[in-house]
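What follows is chain A paired twice: with chain B in the first complex and chain C in the second.
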Partner chain A sequence: MGILAKERDIVVPGEILATGMDFLPAGGAYRDKEDIIASQVGMIQIDNRLVRVVPLSGRYASKRGDTIIGKVTDITFSGWIIDIGCAKDAMLGLKDATSEFIERGADLTQYFNIGDIIVAKIFNVTRVKSADLTTKGPGLMKLTRGRLIDIQSTKVPRVIGKQGSMIMMIKDMTNTRITVGQNGKVHILAQDPEMELIAVEVIKMIEANAHKHGLTEIVKKFLDDKLKGKNISIDKTKAIVLEKKPILKNGEENV
Partner chain B sequence: MSLIKNHIIGLVNAGKREDGRGYLEYRKPIKIEYGISAKSAEGSARVCIGDTEVIAGIKMEIGTPYPDTPDQGSLQANVELLPLSSPEFESGPPSIESIELSRSVVDRGIRESRAVDLKKLCIKEGEKSWIILIDVYSVNDNGNLSDAIGLVALAALKDAKFPKYDKKTDKIDFKEHTEQVKLKKIPIPITVFKIGSKYLIDPTINEEKASDSRLMITTTEDGEICAMQKGGNSQLSVEDVEKMVEIAIEKGKELRKLL
Partner chain C sequence: MYKKRFDGRKFDEMRPMEAKVGVVKRADGSAMFRIGKTIAIAAVYGPRELHPKFLQNPEEGVLRCNYNMMAFSGSGERIKPGPSRRSKEISHITEKALLPVLNLKEFPGTVIDVFIELIQTDAGTRCAGITAAAMALADAGFIMKDLVSAISIGIIDNQIVIDVDKEEEDYEDGMCDMPMAFMPKAGEVTLLQCDGFTNKEQLKKALEMGKEACRKIYEIQKTALKNKYKVEE
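Up next, the complex of A and B:
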């Protein structure tokens, strides 16, 4: 009876993590009679009674409620096909894309064109695991400028931190605007290219050190060191404002 | 225009690059490893520029010289862009890109510079001569495959030794090697990319996609241009080409020291 593995242990599929009914399997683990067994390679997290295996790497699996950053790959009669880095492509339907009325036979490229990068939310995952997206909501839009980088989707929670503490710190210290998609795409909008580079470096650093204790302290020190020599005064009055604008028609740039 | 391309052009116009390098700066360090397949190839090498990685192998065999050059051996190059190295490469017959790379970077660069003395490859005039086969494989493409491929082909050639050939029995013993293949010159290909009005070298994959045009220039140590290959959709003026050649000669010196 009891827990057999230690917190933050690396386990392989088939390893017995705990025995007895005192524990419950969460993501990456399952129950077989009395035992809780790992179903994937990863790190153990024990949360009171919950035993969970957090994967160290791997593809993104779509989950309802996730905000993601995707790329438009195709346009169909009823909407857009979006590549979100998941095994299955996601679908953005006409009625979920915009609140305005779209006439029959209208040119859909005026809303989203092939190659556009969008921030969207998954509002449903179908039985065959393909995601349905929506771009109606605060912060959901087409991205027209800024830098896009890729990280492992499994490291996204560390980049965001508890209640967004980590990402808030990076945003404040580098004076950038950062959108993190749960699928591992990160969008950075900076006033100053130098700050953008630092933000990119920090995010890559978090990705590489995601397994470490006290990451926030390490990141803070890293940022302090980086910013010390730069001597760039952060002008808070010129903070970047990027409010959501209605999607413009006829190829106008949404800047 | 896509977000990424837009951003790269914006950065370049502001005097910056995606990873904070200067316009005329290679990713560091450029790693060159010799003899990575010493058992099965006469010469082999691996080159890493940043995350871009390529490998090359040299095989030698004996064949008949071409009728128009009976006193010369021959040199053949083949570049294989493996699907594992980029999501854009497909398996199957060689793509336009791989033919461009093998023809212009390796074949033309090394042959036209006369780096290898083909006359020394001849064993018996009109009947027997060595054939040098250069095979280059891409392992990972993160931009600037052309420079990496040019460098790795040279590194492998530099590493190559002739296998032992018995004239009486007409057999090659690939287990034993005799003398080194001699390189008279070292032709280094440098690809200069143009984004907007700026010239830059060693682009990342995103910069490569955002570039308007590129010119690959192969130069030898005495500043002789032995091959050129233009790519991309926009045109180049005479001044453009002149500046690009200058950059190629300058950067060629830098890379030549690494070999």
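Up next, the complex of A and C:
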């Protein structure tokens, strides 16, 4: 009876985590008679009676309410097909793209063209696990400049940190504007290209060390070292602004 | 009577083993497994959209395994590249051996590709392939009931031997070759083939010895998977 694994241990499928009915299996674990068994490679997390395995790898699985960054791969009669790095392509319907009225037979490329990068929100996941997206909402828009990098989607919570603490720190120290998609796509926008590169480096570093304890300290030290001797005058008046326009039509002036 | 093994091992002793996870960086999951002179590398890609579309299953995902022996892998004879009758069979049984641990209901209409390459062979290749593939799937972050470990069992002159090598496989008076795959926690056999003659008692005993060997392999798989995330203090 009792718990057999320690908090933050790495476990593999088939490993017994706890025995007895005092514990309940949560994500990444299942019950077989008396035992709670891991069903995923991951880090164990014990929350009172709940035993959970936090995955360390794996492709992104779309979840309702997630904000993601995707790429337009095709245009159909009823909307746009978006690649969000998940097994199934996502769909952005006409009426979810804009509050504007779109006439029948209108040229849809003037809203989003093939190859455009967009920030969108998943508002529904269908029975066949394909996601329905919306670009109506605060912060949801087409991205026109900046840098887009890929990280593993399982590492996203670490990049964001508790209540966004990690990402806030990176933003403040490098004076960049960062959007993190739950699907592991990170968009970085900076005035100073050097700062942009440092932000990329930091995020890659977090990805590589995501399973380590005390990550915030490691990142802080890393950033301090990187920024040492660099004359960064954070000019708040020159803060990057990327105001959201409802839709950037082609021909219209980009930010 | 087969009293002493050619390479001096005990009858239930396996060749030295080695496992490593994450050997193919661009894959979603990958693993290497070596047993004696047999080396298997497995890489997993997916879940991803399955084309052509008629192969898709709207109810659940499809597992697609591909077993391949490299041209230079064998005894010196060049192995003809491309699919053969034998490699197709092994690909198929590998799929069947891995399916019981996976939950494909989560990925309707998609495919999970498992590529198994044997860069060096000395018998027991399908078992090494399955063992590596199970690790690669776990590394790719799939929800798995259990891991799968596999070993080949041989019966030579009424003597049961574990982990047959090429020399024993080519034993002049013939032998019975039995590859098996096993889920160590669930205690279920997911693959059992038999090429040769045996009897009920012998088969029972051979299975018990095989399970014991698979449990040892499981420990090696476990260590390899954990080592990937080891934090050096």
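Criterion: the second predicted complex is superposed on the first by the 251 of 255 C-alpha atoms of A that agree within 3 Å, B and C clash if a C-alpha of one lies under 4 Å from a C-alpha of the other, contacts with A are read in each partner's own complex, and residues count from 1 in each chain.
Throughout what follows, a residue touches a chain if its C-beta (ideal position, glycine included) is under 8 Å from a C-beta of that chain, and two chains touch if they have at least 3 such contacts.
Model, not experiment: these values are computed from the prediction.
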Regarding the shared-chain residue A:S99, is it in contact with chain B (first), chain C (second), both, or neither? neither
For A:S165 in the superposed arrangement: first (chain B), second (chain C), both or neither? neither
Just checking: does A:P193 make contact with chain B only, chain C only, both, or neither of them? Give me first, second, both or neither. first
Considering only the touch criterion stated at the top, classify A:G115 as touching first (chain B), second (chain C), both, or neither. first
Tell me the contact category for A:T154 with respect to chain B and chain C: first, second, both or neither. second
Contact breadth on chain A, by residue count: chain C or chain B: C
Quick one: is A:T76 in contact with chain B, with chain C, with both, or with neither? Answer first, second, both or neither. neither
Determine, under the contact definition given at the top, whether A:G146 touches first (chain B), second (chain C), both, or neither. first
Based on the superposed arrangement, let me know which partner A:Q40 touches: chain B (first), chain C (second), both, or neither? second
What residues on chain B touch chain A, complex-wise? 2-4, 6-7, 10-11, 14, 16, 18-20
Could you list, by residue number, the parts of chain A that touch chain B in their complex? 115-117, 143-148, 193-194, 197
How about chain A: which of its residues touch chain C in the complex? 10, 12-16, 28, 30, 32, 37, 39-43, 55-59, 61, 87-89, 127-129, 154, 211-213
For a test of understanding, state which residues of chain C touch chain A in their complex under the given definition. 28-29, 46-49, 58, 101, 106-110, 138-147, 183-186, 218, 221-222, 225-226, 229-231
